[in-house]
Structures are given as C-alpha cells and as structure tokens.
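The same chain A turns up in both complexes below, where it pairs with chain B and then with chain C.
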Partner chain A sequence: MRPMLSAYTDFIRIRFLTMLAYRVNYYSGILIYMLNIGVYYFTWQAIYGGKGEIGGFTASQMTTYVAVSWMARAFYFNNLDREIATDIRDGSIAIQFIRPYNYLFVKMMQGFGEGLFRFLLFMIPGMALALLLFPVKLPSDPVAWIGFLVMLFFSFLINSQLNILTGLAAFFVENNDGLMRMKRVVVDLFSGLVIPISLFPGWLSGIMQWLPFQAITYLPGSVFTGRTKGTGILDVFGIQLLWFFGLLLPIYLMWRAARKRLFVQGG
Partner chain B sequence: MKAIEVEHLSKIFKVQQNRGGLKGALQDLFSRQYNEVAAVDDISFSIPQGEICGYIGENGAGKSTTIKMLTGILVPTSGRLNVGGYVPHEEREKFVRNIGVVFGQRSQLWWDIGVIESFGLLRKVYGVPEQDYRKRLDELVQRLDLGELLSRPVRKLSLGQRMRCELVAALLHNPSIVFLDEPTIGLDIIVKTEIREFLKDMNRQYGTTILLTTHDLQDIEALCSRVIMLDEGHVIYDGGLDTLKTRWGQGTRVTFRFGAACPLDRLRLLTGGLDVSWTADNELHAEVLVPGEVNVSDVLARVVGQAEITDIKITETTTDEIVRQIYRSGSAGLPEESVRAPHA
Partner chain C sequence: MYYIGLVFEYLKNYMKTRLTYRADFWVEVISDLMTQATNLVFIFVVFGHTDSLGGWSEAEVIFVYGFFMVPYGLFSCFVNLWNFGDRYIVKGEMDRILTRPAYNLFQIFLENVDPPSLIGSLIGVVIMIASGGQLGLEFMWWHIPVMLLFSVSAMLIYSGVYITLTSVSFYSDSPTGIIPLLYNIQNYGRYPVTIYNRFIQVLLTWILPFAFVGVYPASLFLGRTEMFHMAWLTPVMGGVFLAIGVVSWNIGVKRYRGAGS
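And then the complex of A and B:
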C-alpha cells in the first residue's frame, strides 16, 4: 500500500500555508528583487549606449531578459539544500526514515509548495511592478508564454535537484556550508542570471552549454524574450528534459551511498 | 512467534581523528585518519510478541544505535535482523508501516502546524482509512486527555503535552511493534505515571510488543517483565527483572546509630557465624549488609541489647542501586566485592 497521493499534495498545501503565515518576510523580498532589476537595467543601459545589439540581444530584449530572469528566480529559488543539510546535521533525518515515504520526494513537494507561494505572491506582483517601472516587453506569441511557463517549471525541478545534491553532501563532509554558498554563486552566474550566456567569452560559453545551469535561467529567458522561437523552443526544452532525467541518477546514487553512511548525530 | 529477532548484530562507526596543531590540521586536510568504534558489538536477543522489554545501559552503551538499526534508520555493519517479519533496512517503506517509534529527544510532529493537522497528515502518509483513523484518534485523545490541545501548533505545547501528542502520532496507524527511546525523559512524575499506565493498557489490550530504552528505572519496574542490559556494545544481562534483583541484589542493609562507642570488632563478634558484612564510618555509626539467605531479625537479635542503640534503619537494595553497581563494575572492570561476574 502506497501512501495516499493526497499525502504528497498535503505537503505542498502545508508548506504553502506556512509561507503564507510568514508572508511579511516576502514584501521586502519584492523590493530587493526590484532593486536588482533596477541596477542591472541601468548598467545595461549604460553599456548599450547607442549600440544596437550585444551578444545577439537588443537593448529592449536585454531589459525584458533581466526582469524575467529575476522574476523566474523568485519562483525556482528555494532552500532545500539548507533544509536537507540541517536535517542531516541535527539528526532529525532519523525521523524521516521511520515514515513510509520517500524523503527526497517529500522535500521536492515542500519546495514546490514554496515555489507556488512565490509564484503567486512574489513573481506575479513583482512582474507587474517591473512592467510599470521598466520598459519590459511581454511576448505577444502565446506559444512563447506556454513554452516559458512549462520551462519555468523545469527550472524549478532542475534547481531543486541541484539543491538536493548539495544538501545531501552533508552526509559526506562535516560541513557543507561552503559548498552551498558556492553552489548559489555558481547557479546565479552560470545560469545566465547575472550575465546572459551568449555574452560570455566563446570558450566559457562553450563549456556552459555542457552544464545544467543554463537550463535554469538562460533557456527559459531566451524563450520569453523571443530569441528562441518555434521549433527552437522544443530544442531548448529538450535540453531541460535531458538534464532533469540526467540528474536523477547522481541523486539516486548519492542517496543510496548516504543510507549506508548515515550516522545519526547526537545519539 | 517472535516479534524481534537479533543475531550477532554489530554496528561499527568510523570516527574521524583530528590531529593537533597547525601541521596536524593541514595533514587532516589531505588525508583523514579514522578510528573504528563498535557502538554495538555482536549482540543477540529475541523478543516474543506481546512482551514489554526494557533496554537499559549507560549513555553511549549502544542502546540508541540498536533501536536505530531495529527501526531501519541505520544499516548494520554485520549480523541478522528480523523485526515483525521484515529486515528493517532492506524493505524500509513497507516495514515502517507496522511499527511505531517515539524518540523522547526528537519531535516527529511538524513544528509549524496544529497538532490535529499533523495527525491528519500522518493518516495520509500511512494510508489509514478515515473511519479507522477517527475511531483510533477518539480513543487515544480520550485516553491521553488531549482534547483542548488538538488545535494548538506544536511549538506552543509544553514538553509533557508534546510527549503525549508524540505517542498518539506514533500509534495512529495501530502498529504491532513499538519502539520507545527514552519516552519519559524530562517529564514530571504525573505525566510519567500517566504514560506508563497508558503503555501498560495498550500492551494488555492490543498485545503490542514494546521495546523501551530509559534511564528511569521506575519505567522499567512499572512496565517490564524483562530487561536487557547493555554495556559498551555488549549485552551483559538478559532476563527477568526479578532474577536481576535476586542475583544482584545485596539483600538488606541495616544502619545503626549508637549512643556509646561501639567498635567494628565488637559488632563482628556479636554476629559471628552469620554471613554478614559490617562497615562503619566511625564508632557511633555502623552499617551491616544482610544477604537474602540470612534473617534480618537474627542479626537484630544479636545486636539489640548488647549495644546502646539510638536509631535503626532498614533498607532494601533498590533496582537503582543494583543497576548502578552493575554499571560501575561493568564499565570500570573493578567488580565490587559482593557483585558476581555480570556475564549471564
């Protein structure tokens, strides 16, 4: 007998409600994201000057890219790595093992509950505010919208998978704080959030095409800004799918190894 | 039928060694040194269905490690395990449906949500049908008197309230084997008594097998007919509580206070022929240990009237004392004079 599916949806619901209870924390978050969008917007304005195109981006595409990338981050970002590492370090992971469910799947659900909250109460109002403040151009093609939203969901999945991998590292090293901090910087930089990947030097952007990070921000952003169109959308979505399935294997292996290594702290 | 079977179970942990000094720290950076520590070292026992068994030992004796292997949390290094027909760590998800676990030092309720919501979530996690859940919950809530606590968030509960809720959380799916790791730690005497009564009733009513670790020997005396005692990863005693008392108990202790000096030699002389042992702090105060075979009244008859006595106190050795003796002799390796070899 499997746990009822409703158990897993309950984890989404409960996390959503818990986030809602602490929503005041998020109002300041929206301001910080606006500030970031503002900083990058004005920086790019200065860089563009009168130039028509940089790295295949027009100035107006760049504005849209910056806004949508930050707003996408508001959705896919979560602290699963930190939560998992804390569970491992303080030993409460033991409680997770006496329940007839899959811990990582539960974590994923909780992350999704958080994502849903951030999508509805952070990303949508934030995007509306960005539309008012900056010359952001929304796509007119419904295919771009659908493609972007589907890919956004996979951004969440892939980012959470990376978080799970980083969090599980706490099984193997005594302190994975450094690793988690590094992961955050690497994801922000290599996903194309700070600088779009097409602007990196050739060799570096070459490497980046072989890493999972571009699938988190850069690829969905390209669809939203209309730089990737038509069947191209399927191609970039295919890359996301490949990474999603590809990352399942290291998670599985790491989880299996962790089961054997498990050392419950504090007796 | 056996509920729990354990054969030659061992768990060895690798503990990282930190070398001292800057040089040592640099060396540690590149090559770690590990020490192997056997937390549980070749233990075997079996517990029949419906028994309440106490599992005791000092801190670090390996109690919690055993419980964690029995519940499928830890994978044993070697040995064979069978709990309720399953090998815990191999079929974890199926196995845990049939067991309930309470860790006195960890909460298994969700911190931010109401108690009743936690229960509802557990119902779904364990796939308990709504009707069974209602019935079981009503019963538990009534028995443990939780009525007004149900709507509160877990973080607002006192320890005693929380522990009663933890018990409900562990028992909602009506498990046939229950593991309790220090369930009464930090609780006041009233809550302790309540929990003991509740566990006893549950065992009687449902035939639930219970394995319990505790530092409070009153838990053991109230609940367990059998104890397993652990020291440094080995089982040093496995048997009835009564046997433990007769085998290890030192009989009765009689304390005398004298009005006038009464030297030890004189007292020994008075009880000559009786197998008793005298100790004294000073000449006005002496203590005699009377083993089970010797009659206390015989000893008293010899002393009373021969010495000027102002006070007499008679005490039985308590389980606490017995266990303290065993711990001391078991771990320090210095057997007390009247303590026989602990290996059963």
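And then the complex of A and C:
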C-alpha cells in the first residue's frame, strides 16, 4: 500500500513541476482572465444601469461574483478530456491498461497537480490583481472563507469528473472534438460562470438545479459573495457531495464498457 | 490551378474518411449547433432583464450574432489550427508537410478542413434574415456583395490572428500554448463594444480585432451610422492581419527543427 500511494502522489508532483516549466503561459493567462472579468464587469454595469437588484444580486455583489467565478475557473479548469481522448485515439491507452495502476485515478492525480499549480500561480495572483482593478469585496466572515475553499476543491473534483466522462466518450465516437468544445461552452454557461443561475428564466433555472454544473461555479460563488450564509453553506456543500458521489457511477460504468470495446485505430 | 486541383483531391479524401465514421459527422454537427445555441441563450437571458445594452436592442444584438456566425463558420471550415502544436510540432508531422511541394500552411489547412462548420454559416444567414425582418430592415441589392466582402474579410482577420498565435508554437515547446485561453475573448466582439472601457475597446479594435468579426461590419446593415467608418475598415483589417499572420508563420517555419524521436 505504501509504495503504491507514493506512486500516485508522484504523479501530482511531476505534473506540478511540468506546469512550472511552462509558467510563462500562465502569466499571459492572468492578463487574459483580467480581460474576461473586465468585459463581464462592464457588460453587467451596462445591464444594471440604474437598477438596484437583478435576480437577487446587487451590482456590487455581481462584480465580486464575476471576479471570483473567473478566478475559480483559473483553478479548476484542466484538459483531462483532451488528454484522455488523445491517449485513446493514438492507442497509447492500451499500454495504460496493462500498467499496475488505475488509469483514471492517475489522470485525476495529474489534474490535481495541475490544479495545485493553477491555484498558487494563477488563481491567487489573479485574484490579487482583480482586487486592484475592480471593486471586488472579499468576505469578512471566516466561515465563508472556509466554506468557499472547501467547495472550491469540490468544484475541481466535479469539473474533472465531467472532463473524464467527455474524454472517455472518445471510446464511442472516433472524433470527439465537437463534443469537447460543446462541453466547454455548456459548463461555462450552465455552471453560472457567465450568468448566475438565479437570473435564468424560472423553467431554465429549474432544470439547472437538477444538473451537476451549478456545483462547479454558482454554489461556491454564492458562498463567497455572502448570498449563502451559516447552515445554508452546509446545504449547498451537500449538493456538491451528492454530485461528486453520483458522478462516480457513470464513470465506472463507462470505463467498464470502454475496456470491452477498445480497438486501436491505425498503425 | 495546381492549388485548386489540390482542394478537390483533399475534399474527396475528406468525404471518404467521413463516410467511414458516419455517426461522428452528426455528433459534430449537433454539438456545434448546441455550442451556438448556448451563446444565444446568454443574449436572451440578458435581455430578459434589460431592454437595451448600451443603446442596442435585443434584435440588433442577435443580428450581430447572426453576422458573426457566417465568417466564424468559414473560418472553422477552412482554417482549423486547434491541434497544430500537438499534431505537427510535438508529433513531428510537420516533417511530412515540408517535404512536399505545395505551400506548407495551405496543406495544413486542407488536411484539417471541416465542412460541417459551414452549417453554422447558413444558420447565421437565417438568424440575420429573421432578426432583420423583426427590425424592419429594408433589403437592398448591394447588401449581398458587401455581406460577402465583409464575411470574407472578417474570416481573414480571424485567420490572421490565429495563424500569428499558432506560429508561436515554433518557438515555445509548450504543449497547449495560449490559444485555448483566448477562446472566450473572440466572443466579446459580438456585443456593442461601446459598453466597455477605453482600454478594452482599443484592444478589441486594433490588437485582437474581434470587433471587426461582429459588431463593426454588422452595424452597416443595421444602419448604425456611428460605426459606418469602422465597418468599411473591415476589408483593410482583413488584409493587414492576414499579412501579419503569413509573415510570422513563414519566419516561424524556418525555425522548425523536427521532433527529436
């Protein structure tokens, strides 16, 4: 058990170091994320005009929400879907099958190594810069901070689970590029990154409450902006936990079905 | 002539591979359409809470979106560089390209041609007709040639920006590059840029000129006189950015050393 565990933690360390080697990319990433926040900040300013509150958000809460949502994305975003799809398409997955570890668990560890890098060198400096550029209000309640950070970790887990599912789809359709593009847009919209869920028309937000995407951005964002407080934090965290465990089942089933139908294309 | 012949040969090949994986074709078409639909949802939700965005009505913003879909469809069909770094640099397929007589960038475009994306362009035209009708826009004969000119120019702007950024992969051996990070920014030229502050406006106009793939050219058909002069700049910007793209590409290719393995 001991050596096995350290094999897995090595994957975290190696990915972290690899990311560190390419850190220059992420300095430009911080600027690009500032631009994203800026565009949505000005768009919401134009939408609010003189209005006091939209969908339960004041204009100032919206600014904080936009900033924290984008910076959370800077942390939880990864390309596990693309990595898995590439492994499947070029056939290197066959070698992964015979290695003495669980492939998906290794991917998750690599994703976590990347996440750790993104948290320390992308999200935290990005958030500091956002505080300087935009009127963002940090929560004063320590409970909100703890709640947010724990939920942020689960955002990463749930987003990675969805990425794994999308990546594994390459077993069933030979070319899943379109599917991956769609997943990216769907996650950005339905997670509440570009529009908070409470602003959607009733029927649509009703549907979204039954989908896993809101657990990625909207729920942690609500804790950070102070719209969800006290025991309410436990409730929304419960939703995240349910999705985390709920998504394990389709991954398991898909992985099992995939192993049976693997055929390697080409050479 | 030689190049036109190549286009047909590659398309023939494309059809053959596609017919092998027929189900994929539909998965791709449907997922592309869903992607566009989710973008429209943003516009609908925003206008559920306000009547105007910086003085632009819902139908006008949707018209701009329809216009954007036309050059975007053309671009995704003919200039697909998504996997360039991975496939051609890391895996070394560029070696194969460079040993052939045709211009290397042209070969790469043809190898990655993606005709299903053109369905998006068609839907863009339908959206423009529908929202134009809603706005009571009068149709004139010159709309068609100008629309073609602007769509192709806008596509060239897109191509120029992405070729320039992709040619960075000749210098850095990073696996992904910064292109995925830019993915969201290309959307911002579809909204009235006047709602942004000066810095973002300048950026979207002159540096990453995505406003020329959306709101500026579309303003001509909407009769928004305040942006007419920008609309007519679209073909100029198309030429300039394509030139920047091709020049930086050619410089980059000279540095290509092949993958080590």
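Structural remarks
The definition used in the following text is that the second predicted complex is superposed on the first by the 262 of 267 C-alpha atoms of A that agree within 3 Å, B and C clash if a C-alpha of one lies under 4 Å from a C-alpha of the other, contacts with A are read in each partner's own complex, and residues count from 1 in each chain.
In the analysis below, a contact is a pair of C-beta atoms (placed from the backbone, for glycine too) under 8 Å apart; a residue touches a chain by one contact, two chains touch by 3 or more.
Because the structure is a prediction, the values reported are computed rather than measured.
Of the two partner chains, chain B is the only one touched by A:Ser6; chain C is not. By the document's definition of touching, of the two partners only chain B reaches A:Phe97; chain C does not. When the two structures are aligned on the shared chain, A:Glu53 is found in touch with neither chain B nor chain C.
With both structures placed on the common chain, the touch criterion links A:Asp177 to chain C but leaves chain B unconnected. In the superposed pair of complexes, A:Asp141 makes contact with neither chain B nor chain C. Residue contacts after overlaying the shared chain place A:Asn79 against chain C, while chain B stays out of touching range.
In the superposition on chain A, the chain among chain B and chain C reaching more residues of chain A is C.
On chain A, the patch touched by chain B and the patch touched by chain C overlap at residues 174. Considering their complex, residues 1-4, 6-7, 10-11, 14, 17-18, 21, 91-92, 94-95, 97-102, 174, 259-260, 262-264, 266-267 of chain A touch chain B. Across the complex, chain A meets chain C through its residues 22, 24-25, 28-29, 32-33, 35-36, 38-39, 42-43, 45-47, 49, 51, 54-55, 79, 86, 173-179, 181-182, 184-186, 188-190, 194-195, 199-201, 204. Remark: chain C residues 21, 23-24, 27-32, 34-35, 38-39, 41-42, 45-46, 48-50, 53-54, 82, 86, 172, 174-178, 180-185, 188, 191, 195-197, 199-200, 203 touch chain A in the complex. On the side of chain B, the complex with chain A involves touching residues 13, 16, 59-60, 64, 68, 71-75, 89, 92-94, 96-97, 99, 101, 103, 105-108, 110, 112-113, 117, 120-121, 124-127.
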